[in-house]
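First the structure, in the form of structure tokens, and then the observations on it.
Chain IDs A, B, C and D follow the sequence of writing; residue 1 opens each chain.
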Amino acid sequence: MLEVSQLSKHFGGLRANSNVALSVRVGQIHVVIGPNGAGKSTLINMLSGDLPPTSGSIKLDGREIAGLRPDEISRLGVGRSYQKTNIFSSFTVLENCRLAAQSRAPQAWRLFTPADRHAPAIALARHAIAQAELDGREHRVASTLSHGEQRQLEIALSLATAPRVLLLDEPLAGMGAEESMRMVALIGKLRSDHAIVLVEHDIDAVFALADVLTVMVEGQVLASGSPAEIRANPQVQAAYLGTEHGHV
Amino acid sequence: MHPHSRTLGVVLLLALAALALFPLVGGTFYVQLITKVMILAIFAMSLDLLVGYTGLVSLGHAAFFGLAGYALALLQPKYEPMSIFITLPAALALCAVFALLTGALVLRTRGIYFIMVTLAFAQMVYFVFHDTALGGGSDGLYINNKPLVGWGELTLFDLENRTSFYYLVLVLLVAVYLLLRRVLASNFGHALQGIRVNEHRMRAIGFPVMRYQLGVYVLAGVLAGLSGYLSAAQFGFVNPEIISWHQSGAVLMMVILGGMGTLSGSMVGAFVFVLLEEFFKDDTVFGAVAKHWQLLMGLIIVAVACFLPRGLIGLLTRRKRDAGDA
Amino acid sequence: MDSVASILIQVLNGLQYGLLLFLVASGLTLIFGIMGVINLAHGSFYMIGAYLAFSLTSAFGNLFLALIAGIVLSVLLGLLLERLLIRHFYHRDHLYQVLLTYGLILIFEQLRSLLWGDDVQGVKVPELFNHSIPLTETLSYPVYRLVISAVCIAVALGLHGLIRHTRLGMMIRAGAHNREMTEAMGINIRLLFALVFSLGVALAALAGMLAAPVSSVYPNMGSQVLIICFVVVVIGGIGSVKGALVAALLIGLADTFGQVYLPQISGMVVYLLMALVLIFRPEGLFKKT
Amino acid sequence: MNPIDTQHTTPSGRRNFISRTAGAAAAIALPAPFVHAQPAKLKVGMMLPATGTFASLGTAITNGFRMAVAERGGKVGGREIEYFTIDDESNPAKAPENTNRLVQRDKVDVLVGSVHSGVALGMAKIARETGTLMLIPNAGADDITGPMCASNIFRTSFSNWQPVHPLGKVMAERGHKTVVWISWKYAAGDESARSFKEGFEKTGGKVVKELGLPFPNVEFQPLLAEIASIKPDAVACFFAGAGAAKFIADYAAAGLKDKIPLYGSGFITDGILQAVQPQAQGLLTTLHYADSLPLARDKEFRTKYATQYKLQPDVYAVQGYDTGLVLAQAMESVKGDFGNKQALARAMEGMKVDSPRGTWTMSKQHNPIQDIYLRRVEGEQNKYVSVAWKALADPARGCRMA
């Protein structure tokens, strides 16, 4: 589904990512972990098109997408969420999702049909709201939602674009324990019909969700494999798990 | 996305009725004044499309206003009228092409850059008409006849008649308002508002933001052109000053004074702005201060910037949402 | 006169004009870049400077004393404006900054009319510099213009030193880079902004004062300068003093040669130059990172 | 509200607001005169700049006009004058509307204005359409008394063609064969350029180069270098106001003053000598007015004006004064019967005006036939030297009025 190889990003002399490789397919959650500054967010930003890579390849279903604009990548079926909540805070939940769904709809450029009667987009939006378990809050203005709900909306926004690949950048950031559990369950459910790349710090969530784990340190892949392999990897233990217990 | 409040609808209908009846009772001067206000209301709504709905603060909107006016002045033969069905589409097409070309450049910039670059492009148009013989230089050009509403020998109605002209402008004002309400409620309109609220996320959910912005830039340019065309036709005179940055500043002031992101606000803004200017200039009221009316205008502008960010409409509607209401 | 000398003289003219533009534009670009404020009233400060030179020169009988007093007054004006108005607009949309400063233009212009009237007034060139250096058989170059250029260059060097080597400069660089970070570093951002704004006002006023003896003082003298300075800032890149210098010189030269060699389109030359830059470098020549 | 308010009340809310405020204020400001006495007042709309670059010109014209009327006890042809004033901002874009305000709202009988040619052209258009009597106290655009001439439009100042036309003759007499012309590239500059060239080349001289820069650009330095490289016998120019002051200063500073003599339209030294007194000394210009004219009429006018307004009169004050004179004399000849437009127009055509600038005659195309003076700058004055051209009439090209 998504194949990344030799991906690098340099900011001047700073090598934020060097020769990163990973792959993910539908039904799989590929978790990327690493200490702060390891280049995880840079990686996600390159996959989503927010940052153009310096070199390397990102293939979606065999098609090269490295260097495309974010909107082009989105329309090819890659949805993403942000570490820092990035929603349309003055719109209602439904408006948020309908807007996202609209970009998929064939009638995006129709000037004279009222948007709130645009059935395909509304259906898609409601489906995303249901998936993100925000039913009943469709007409709440986003800025009035709780933090946890805003994080759910963040996911719902991506879902409303009907993506096949989901890039989730720390979806649990700032959440309480109960909210986190709900979010983990939600992401787990999304596995069946999405290929998911997940960047996360919460160690429990990581091991609860991961099918494949990639550990990044200083912009490079330190190790990649199943959770069990990673746990057993002495390099990872030395460099990472051993020193920073509880906060991977 | 933005349900129209019932009261606003009623107020607008009453205003429409008042405008429709006005020529029956108003003196010639006031009919002309209200015609001008309605033309400016179209101008203000077109700018609001950029400023209020899409979050693009243009300080060069007068360029379109002036281009269309000059198009009429240059197309029409000196001493005979020409069909509005030729000159108007030509003027609007010119604005559309200009918007497309400059839009492709100015939309590469953001924020403060955008403000300055739009200003600079308008200034360039200003100098084209000011410095070259094309449009009569700084003295401008006369339009000796009003455009002909008709074709060949057939005349539908005579715009030389001030009342006819008034009603034509009124009809166009209503048409533009309805058109914009429709457009803003459409997918396209919602995308624009999404761009204003969170341009970055709009890209991430798959919107080619630049294309939408260019689309609205062209639409706004064309509508500003419509108002400029009408204004030139009304006064029969074009001059580089209609492109000056003071004109762009004034229309921006109208938009904010009325309440940006609200079409009705733009119309109210145009009306109040013209009224204030009339009022401050009146030396029977302000005596010697009337000579310095711009001082009063400046104070009002500063006060609006400080205390009335949501404009006059913002005073009336107590909605807490910041999102654009149509 | 041979054509080489002619071109050299035009280069001199272009540079002098450009340097004066730089003085106004540098303040504008600092206020943009560091405070994030778009200031349409910047041309008014130029105008105020020129009128101050007019009043103060006749009061002191000496342009140098007038310059010093004028700079003090303009710094005070800057601090006052920042405290009363500008401060409340840092976190607001640029739109409102446009509105506020547009209103200020009208107010300043009318106050000017009330205080000084609407006549054209002259300011004497200081005796010391009131002569010309013969360049060719017919043409000489006024010494005072060289003085203007010299002062502008001195100010440019001073600004460079200020930004590179002082604590204020360090704060300015940090502030231009990242406002939150600067605040986190414990820098008093309010003080910094007030200083930057007054610095900008003083630079524009200084330009006005220097220009007054050659340009005379007259109503609306600020607005022409303002728009050209916008173009300077756009070409140079917002917040970049170096960019402002390069762009101002570029525009000075383009405008000068445009007038001589392309008189038909000379009004548009600088805008065409801007369009060209926008096509290739939409963020200006010296985009700050 | 005053029952004789000129603004009729209407049921419209908006309309009411305007008329109520204006009407109420008018009632406060002008209580008694509104209930008018016999005969009805003559309504004069003064559309002049009150703000911006030309504000002081507007003031001088108003002063002059009012002085002429005051000399007749505030009456013209037995009728008192009611003034309506409006700031035209020297903005031509607002001219048609501002004119309409006077003509249609205030229903003025006479329009007086303006300084800026573009504004005057906009006014003239409406005056033609409505037949309102229009008196132009400054704006010199040739077209107004050329192709645009009309039976109800009169100019009491000059046409752009007039002041510089004699300059060619003056310069030729001083032995100059090659001349560079320089001015702003706008209508007044272009019209002056054409007129000068016509006058100068008739004498056998040659305008070797016409230099121009966009109005109101004042970066003259490159063009001065150009002049220095051409080395003509002399330079002739047209600028006005601040730009003129800067040009004179720059010309001197560039060292050209003593090498290539500078001449100009009189407007370049008008109202700016306090700014560039030293650099302008000895400059020769031509205009329809001068300081220290050898005329008793002028001396009397100047003393009176200076006492009354605490200001030295200038050419604009004279033009304003003459505008008042023309209106007053015409009204007297029809005995206050303003309705008799034909008689009024007949009275003005060919009218002799005993002006401070010397007696002049109103031409058939409604522009003054007047003497143009050669003046020399001495101190802060444009001293009279000689009459450069006696009774010069504008050719009024394109005027189809008999």
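Convention: a contact is a pair of C-beta atoms (placed from the backbone, for glycine too) under 8 Å apart; a residue touches a chain by one contact, two chains touch by 3 or more.
Quick caveat: nothing in here was measured; it's all calculated off a predicted structure.
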Most distant chain from chain A by Cα centroid: D
Approximate Å spacing (C-alpha centroids) for the pair chain A, chain B: 43
Centre-of-Cα separation between chain C and chain B, whole angstrom: 33
Approximate Å spacing (C-alpha centroids) for the pair chain A, chain D: 73
Geometric centre distance via CA averages, chain D-chain B, whole Å: 35
Shared interface positions of chain B, touching two or more other chains: 127, 130-131, 292, 294
Contacts with two or more other chains, residues of chain D listed in rising order: 51, 185, 214
Contacts with two or more other chains, residues of chain A listed in rising order: none
Each pair of chains that touches, named by its two labels: A-B, B-C, B-D, C-D
Partner chain D, residues of chain C touching it in the complex: 1, 6, 9-10, 13-14, 16-17, 109-110, 113, 117-122, 125, 132, 134, 136-142, 144-145, 214-221, 224, 255-257, 259-260, 263, 266-267
Touch list for chain D against partner chain C, complex: 51-56, 59, 185, 211-214, 216-219, 221-226, 228-229, 231, 241-242, 245-246, 249-250, 253-256, 259-260, 271-272, 274-277
Sites on chain B touched by chain D in the complex: 18, 21-22, 25-30, 32-34, 36, 127, 130-131, 136-140, 142, 235-237, 239, 241-242, 244, 247, 271, 275, 278-279, 281-285, 287, 290-294
Chain A-facing residues of chain B, complex: 1, 182-183, 185-191, 193-194, 197-198, 200-209, 215, 321-323
Chain B-touching residues of chain D, taken from the complex the two chains share: 7-8, 10-15, 17-18, 21-22, 25-26, 29-30, 50-51, 85-87, 91-97, 100-101, 104-105, 117-118, 121-122, 125, 141, 185-187, 190, 214-215
